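Below you will find the structure I want to go over with you.
Order of writing sets the labels: A, B and C. Residues in every chain begin at 1.
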Amino acid sequence: MKTNPGRFFEDYRLGEVIRHAVPRTVSGGERALYHALYPARGALYSSDEFARGCGLPASPIDDLAAFHLVFGKSVPDISLNAVANLGYAEGRWLAPVWPGDTLSAASEVIGLKQNSNGKSGVVWVRTTGTNQHGRKVLEYVRWVMVRRRTPADDAPDPVVPKLADAVAPGDLVLPEGLHFRDYDNVAAGEPHLWGDYAIGEVIDHVDGVTIEEAEHMLATRLWQNTAKVHFDATNRADGKRLIYGGHVISLARALSFNGLANAQMIAALNGGAHANPCFAGDTVRAWSEVLDKAETSEPSVGAIRLRLVAVRQGSEPFVLRTAEGKYAPEVLLELDYWALLPR
Amino acid sequence: MKTNPGRFFEDYRLGEVIRHAVPRTVSGGERALYHALYPARGALYSSDEFARGCGLPASPIDDLAAFHLVFGKSVPDISLNAVANLGYAEGRWLAPVWPGDTLSAASEVIGLKQNSNGKSGVVWVRTTGTNQHGRKVLEYVRWVMVRRRTPADDAPDPVVPKLADAVAPGDLVLPEGLHFRDYDNVAAGEPHLWGDYAIGEVIDHVDGVTIEEAEHMLATRLWQNTAKVHFDATNRADGKRLIYGGHVISLARALSFNGLANAQMIAALNGGAHANPCFAGDTVRAWSEVLDKAETSEPSVGAIRLRLVAVRQGSEPFVLRTAEGKYAPEVLLELDYWALLPR
Amino acid sequence: MKTNPGRFFEDYRLGEVIRHAVPRTVSGGERALYHALYPARGALYSSDEFARGCGLPASPIDDLAAFHLVFGKSVPDISLNAVANLGYAEGRWLAPVWPGDTLSAASEVIGLKQNSNGKSGVVWVRTTGTNQHGRKVLEYVRWVMVRRRTPADDAPDPVVPKLADAVAPGDLVLPEGLHFRDYDNVAAGEPHLWGDYAIGEVIDHVDGVTIEEAEHMLATRLWQNTAKVHFDATNRADGKRLIYGGHVISLARALSFNGLANAQMIAALNGGAHANPCFAGDTVRAWSEVLDKAETSEPSVGAIRLRLVAVRQGSEPFVLRTAEGKYAPEVLLELDYWALLPR
């Protein structure tokens, strides 16, 4: 058997560190494609000059591009036989990724809990992205439900990791040199600064994008995520290709420019759920809610905790859940993250 | 209100200079995408070696890519509430854009004329693209019809700028160092030089390209033009997405390689009209008419003024207008420009 | 007549060398697009660090991207009036292509044989790709059936070149410095080395990709292959666009990562046939058969000769031909090549 069957639940061992295959060097090509695939307009990821004005040596690769590249590497080892991608926690961006950098990824198994039916179980991993200097650029926890190869009752002792509800503001890592002391908010496209956002405030990002099959497949391949559900129209009875959840994350984040253009960098991923599947033909919109605010180690840089919600056509404004407490059927994504913006 | 509602007619002031948001650094990524999005084969924009043979330090970013990037920046301030993009004039390319350059854009309001219905008006702007050294790389005038926020009769005094019918040959700016003294017309793909084209000559560019939704959206996003009509299938009753006019410009220009492969660089945009809307599924063809010829400051470089016409399926050869003088329904674009080619 | 009508059978002369137009400089942009267009995960073409570990100065541009770029240049001179692309032989990769390189192409006519109907004939050419230093990076023979402009009996004396069934192992050219002495098979994604593959072994590469119109057109344009059959939906009565055969080659090769991830570089193209046309909507899968194995001049590098077969939905596993000896209707591609992998 020369092909990769993926790992099943019984193949994971607590504490095991899995090095993922296929390191990847990024360049201006990945940046240009990110701009073609998503309506991304954040000035810091668009302009070397703007980034230099913020204390960085150049414009880094988009923080979500870095996330997708690391995530994509983990798919063959973590989620090839996954039934569901259940959640994210404790995600932190630890260093910018620059054109020319090479990213590698590894995952440590930090939790295992077999389901009572003996057919599947939940696997928690902490995935780390590392650059060619051996420096961590990104880490996050995700947990997935994975099938057993052979249903059975011989479950390992259940270990459910304690995960923070949110990354503490004091644990946010600012890129070296980052400041917003000489911030050019005209170039950024947004007059509102950290002080102008109130906890509880909601923002409708207005614009919508209708997704095509070619687009989400180009994106998902770019991140070397080759899970067949995204590419093979013969895989489901209805002929639909399930869109990679990260495509919706990037789309919603890019749409949030309209109202949050100054939320320049993502510093942490507190949690997230792919509430409903997204398919080609869906028109995606987004809204945000301000959950929290915090100062950082750099006086000119504020942190803002946001709930980013992506919805498709037919959604009610700002409705996340039904009366029963379930996600509304038009909700595609709920993402809880910390962003950095000028004070 | 944190989101950008766009400007309405009554928000513009004569003489006002509007700095547009989101500077953009370009790289080989944008060049590669240009080649993937359009059947572009102009040798000077394809090969560093060919460009060096023409006296340039390397191959610049395509002149129309530079145009689209500058245009895209102006959309949120100029045409978000536009009813129609009415025309272009006095466009000039002033310096090449190189990989690594960062482009910014600004527009000066040079004309205002409210319509008699009090519901909209025409705004004329002169838009300028500038690189990171503060050097102008591009300028052009465009005028758009913009809605009023509140219909009213309190119109400003109408000011309609006097615009040249065409850029005078003496005003064309050649890139520093450009010459065609050692021109390799085999590498360029075309034996015909400046002297071989006659005023009044028409050229059918033969090839056709059927447009897909994913393609025009990738292109339009790449230029950070996020006008919702191009992306949101729920925006019109018929579910169609209007294709960015600049996509048709680039497509037609690329198709014109077959017959005008030596028209290497665009030096000026004399005028243009998006005659009819273009939608996915349209098969675009192009033809050109030689309108004028001129010498330039460099003896080996000639200028040729061309009418480039893009049409869709069903068009009659070389028919621009109906008997009533209106654009034929299959005509998508009429563009009047000066190109530089070897003598 | 300013446009290129293409060459007809009677326009070719034995021994003639045709320089193809439009040299092309490649960058990280082409690499990124290759990863977006194909599910390519070969570590050596993904990571500068991995390539350095194999003795190369950096990660080259994918060997098939180099092939497509050279092939694309030849289309306007060789196959614009082709009825069929009949075969490939004696293909060899002679030097890596690096970001920043500029490729040119030329073809020598090495065979001519008019068909008995006097309406068409077969043209054999040896096409060569050359970099900016004048060094050959690639060569291959292909033969196509080309229409006569004017049907007639005045055929040239038939000359059919003798072509090798396969490139001899001793003629394989290894990139300077290449070795697999310190090979990291975890990073490569595959534990199986040269010694683990047996002649006659077949490998089902499992994954499938459904092709969209936008994707194959983006790819084909990227290689500046502008043959109208790939782009113009009005060109055939059924409105279908014929997918460039090279798109299927790259797709199948990328899919073969799953089972052949260590077959890092293609060294030779022994033969190939586009068995049946491929259209958007087809779901492409691939399987491989090990045809031969050989040592190379570098002890750590082995060569493996593979038959790569691309099929579409409905195919039977490992069925290449029908009982009558014809290609099965679901077979899209049969490609016979030598790859380099660690011993």
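Side notes on the structure shown:
By definition in this document, contacts are C-beta pairs under 8 Å (C-beta built on N, C-alpha and C of every residue); 3 or more make two chains touch, one makes a residue touch a chain.
Chain labels with UniProt names: A, B, C = L-erythro-3-methylmalyl-CoA dehydratase.
The shown structure was predicted, so the numbers you read here are calculated from the model rather than taken from an experiment.
Chain B maps onto chain C through a rotation of 120 degrees [Cα fit, steps of 5, range 0 to 180].
Homomeric contact chain A/chain B: same residue numbering on both sides for under half of the interface positions. Centre-to-centre spacing of chain A and chain B amounts to 36 Å, using the average Cα coordinate of each chain. Of all residues in chain B, those touching 2 or more other chains are 27-30, 32-33, 99, 212-215, 218, listed in ascending order. Residues 2-4, 19, 21-30, 32-33, 76, 99-100, 102, 104, 132, 212-215, 217-219, 221-222, 224, 226, 228, 231-235, 241 of chain A touch chain C in their complex. In the complex of the two chains, the chain B residues touching chain C come out as 27-33, 35-43, 46-50, 59, 99, 186-190, 192, 196-197, 203-210, 212-215, 218, 258-261, 281, 283, 313.
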